[in-house]
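You will see subunit A twice below: alongside subunit B first, and alongside subunit C after that.
Let's turn to the complex of A and B:
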């Protein structure tokens, strides 16, 4: 009888903690982009993205500040902010979406391929996108990653004709985040 | 004779233009140690400014170098970029200070009071400062 009660308590505690650990969060999501044009390779990193994943609804949100992207060359960073992203007008880029595949994600400690669909907002322009990603549960943490390509013109980012050779029309974006349970 | 002079002038102009262009292309990032501070305040004051009116705060502080004093709530050391989070009255949010690789020489402890310079990049959940430097200690 005692053992039944004790194991019952353990099961109860176990189920409570799994219910609690449905939402995960980080404020140090790493977001990078990379583009290679005939003339120039452009690369920038941002280590202060926020990411929230709610596994009970399979929902996921990302946000980054445009001015927090760091380039190797100060001039590129200036042009990126002032001429292309107009970051004084549109300081953030966001993504809000849903894990559509698998339909019911299992919280198991091995890498799982997922498909995420949602709305990306860059430069004040909203677009529906679908991107592949990976999710891995380890202990009480979860890491998510994704690499996908966006076309600059989809977000109404204009590149002047003189520098068109220097800037790629498509940019590869990489996201990596290690999330902790939200308390 | 005249043509030669014109050619020399042209050549000099091209060389000077090239040097200016090259320097411009390789110009350094902002040096926060020599730049003038545009605002000095506490972590709470900067956070409140953003809570009250984000677009107004952006107009005032976005891309500006600010000097912020506050208490460290959390230290996150990474190989590349490390971050410190400064406390505010909000339980869930604060000021995030990001340091470039190697910029955080002495790692401060949680609970320590520090003054940090950084470039304000706006607010997500927290207000984010980048390219930070610790001014005291």
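Let's turn to the complex of A and C:
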């Protein structure tokens, strides 16, 4: 009887501690986007995304500061903030979601394809999205990456007629993050 | 007995795990604590580096070349014969370049008095909020202008220095909200040669410029330059201009009405003759097109 209780407690403690060890984070997630329209290619990078993943619950959250996106053309960056993303009103874009595939992710040192489903918030507009991604565990680190496409109009970002040839209706977003254990 | 205890322990264990799971259902990002506060610089207080004639609070970004074609038609009160001024034109072709985030230079050539001008503008303070709070933007502007017209009196001894004009200006202002920006521009224009003894070599004035954003891509601008009394000959007036900025991607079109013919400081501050009351105004425009010459280092 005693042994059962003791072992039960050990299992409990053990499971709690593994829960603790399964949270990973970074403040230097690379987020970039790419738009290819007939007249112009637009590219911007942001190296200050924050990300926390809890593998015990297969949950993940991303946040990125809109003002921190850097463009090659200064005026483009200004217009991106002022006219399109309205970063003074909506300073951040976020994603909160769940790893839905595989159902129980193994922390093994080889690249695994995953599907993530959750709520993307851009320009103050929330959308349910599903995106493919890759996860790789190496030592005590985890790298996650994903490339997906969003439609600009889904997030109520207006593109005026005069620049329709310069800005694509769909934008490709790439996320790459190297996570460390969260203590 | 043994079975019951075992199941109790099991239930207990599962409950505890699920409780810990529930507790963990918090905001994951909040586990990282508060975000580090960043410095948020005010930007786009004006659509370009000019209000209309006056330099605005804005600088051309580092590595960016801004080609400006500025045009003032003739005066509206010249009537139908001159198609209300559209037959005549005064033009300045110029280029502005951002050396650093805070320092820009520019050159230009005006058809009015065949004048060449060059300037340096340096931003001393930059409005910001967040980790660093600065309520205003303050810039210092200085320019030199050289007139190129033939000597009106070639018989006498003329000096090159007589062609020179200098301007020193402070630009202080604030973007009060997304829609409203206001600036003051105390200015000193030095003229090496003046026509009469009564005219001052050093002319002090105070400029005011404001912007009201109408839509995301359109703004209404207003500027007025008050020249302190007893410096200019009678007949010269204070410059008053009203304009509309229209932005389309890489271009900004500034359309305006102004009683000044010249588009450089020594001209529009000290040589404005147009009278708004009598229709002595020019229709004019500035077209600005930016080119990225030096690409910024984008941190990956």
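Methods note: the second predicted complex is superposed on the first by the 163 of 183 C-alpha atoms of A that agree within 3 Å, B and C clash if a C-alpha of one lies under 4 Å from a C-alpha of the other, contacts with A are read in each partner's own complex, and residues count from 1 in each chain.
Convention: a residue touches a chain if its C-beta (ideal position, glycine included) is under 8 Å from a C-beta of that chain, and two chains touch if they have at least 3 such contacts.
These numbers were taken from a predicted model, which means no experiment stands behind them.
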| item | value |
| --- | --- |
| Clash-or-fit label for the pair subunit B, subunit C on subunit A | clash |
| Contact breadth on subunit A, by residue count: subunit C or subunit B | C |
| Touched partner set for A:154, first subunit B, second subunit C, both or neither | neither |
| Subunit B versus subunit C as contact partner of A:57, first or second or both or neither | second |
| Touching partner for A:74 - first (subunit B), second (subunit C), both, neither | both |
| Which superposed partner A:162 touches (first subunit B, second subunit C, both, neither) | second |
| Partner chain in contact with A:28 - subunit B first, subunit C second, else both or neither | first |
| Contacts of A:172 with subunit B and subunit C, given as first, second, both or neither | neither |
| Touched partner set for A:47, first subunit B, second subunit C, both or neither | both |
| Subunit B versus subunit C as contact partner of A:83, first or second or both or neither | second |
| Touching both subunit C and subunit B, counted on subunit A across the two superposed complexes | 27, 45, 47, 50, 63, 65, 67-68, 70, 73-75, 81, 88 |
| Footprint of subunit A on subunit B - complex, ascending | 24-30, 58, 62-63, 76, 78, 80-81, 83, 85, 96, 98, 100, 119, 121-126, 128, 130-131 |
| Touch list for subunit A against partner subunit B, complex | 27-28, 45, 47-50, 63-68, 70, 73-75, 77, 81, 88, 91-92 |
| Residues of subunit A defined as touching subunit C within the complex | 1, 4-5, 8, 11-12, 15-16, 19, 23, 25, 27, 30, 45, 47, 50, 52-54, 56-57, 59-61, 63, 65, 67-68, 70-75, 78-79, 81-83, 88, 94, 96, 160, 162-163, 166, 182 |
| Residues of subunit C that touch subunit A when the two form their complex | 2, 5-6, 9-10, 12-13, 16-17, 20-21, 24-25, 27-29, 31-32, 35, 38, 40, 43-44, 61-64, 98, 178, 216-217, 247-250, 290, 292, 295-296, 298-300 |
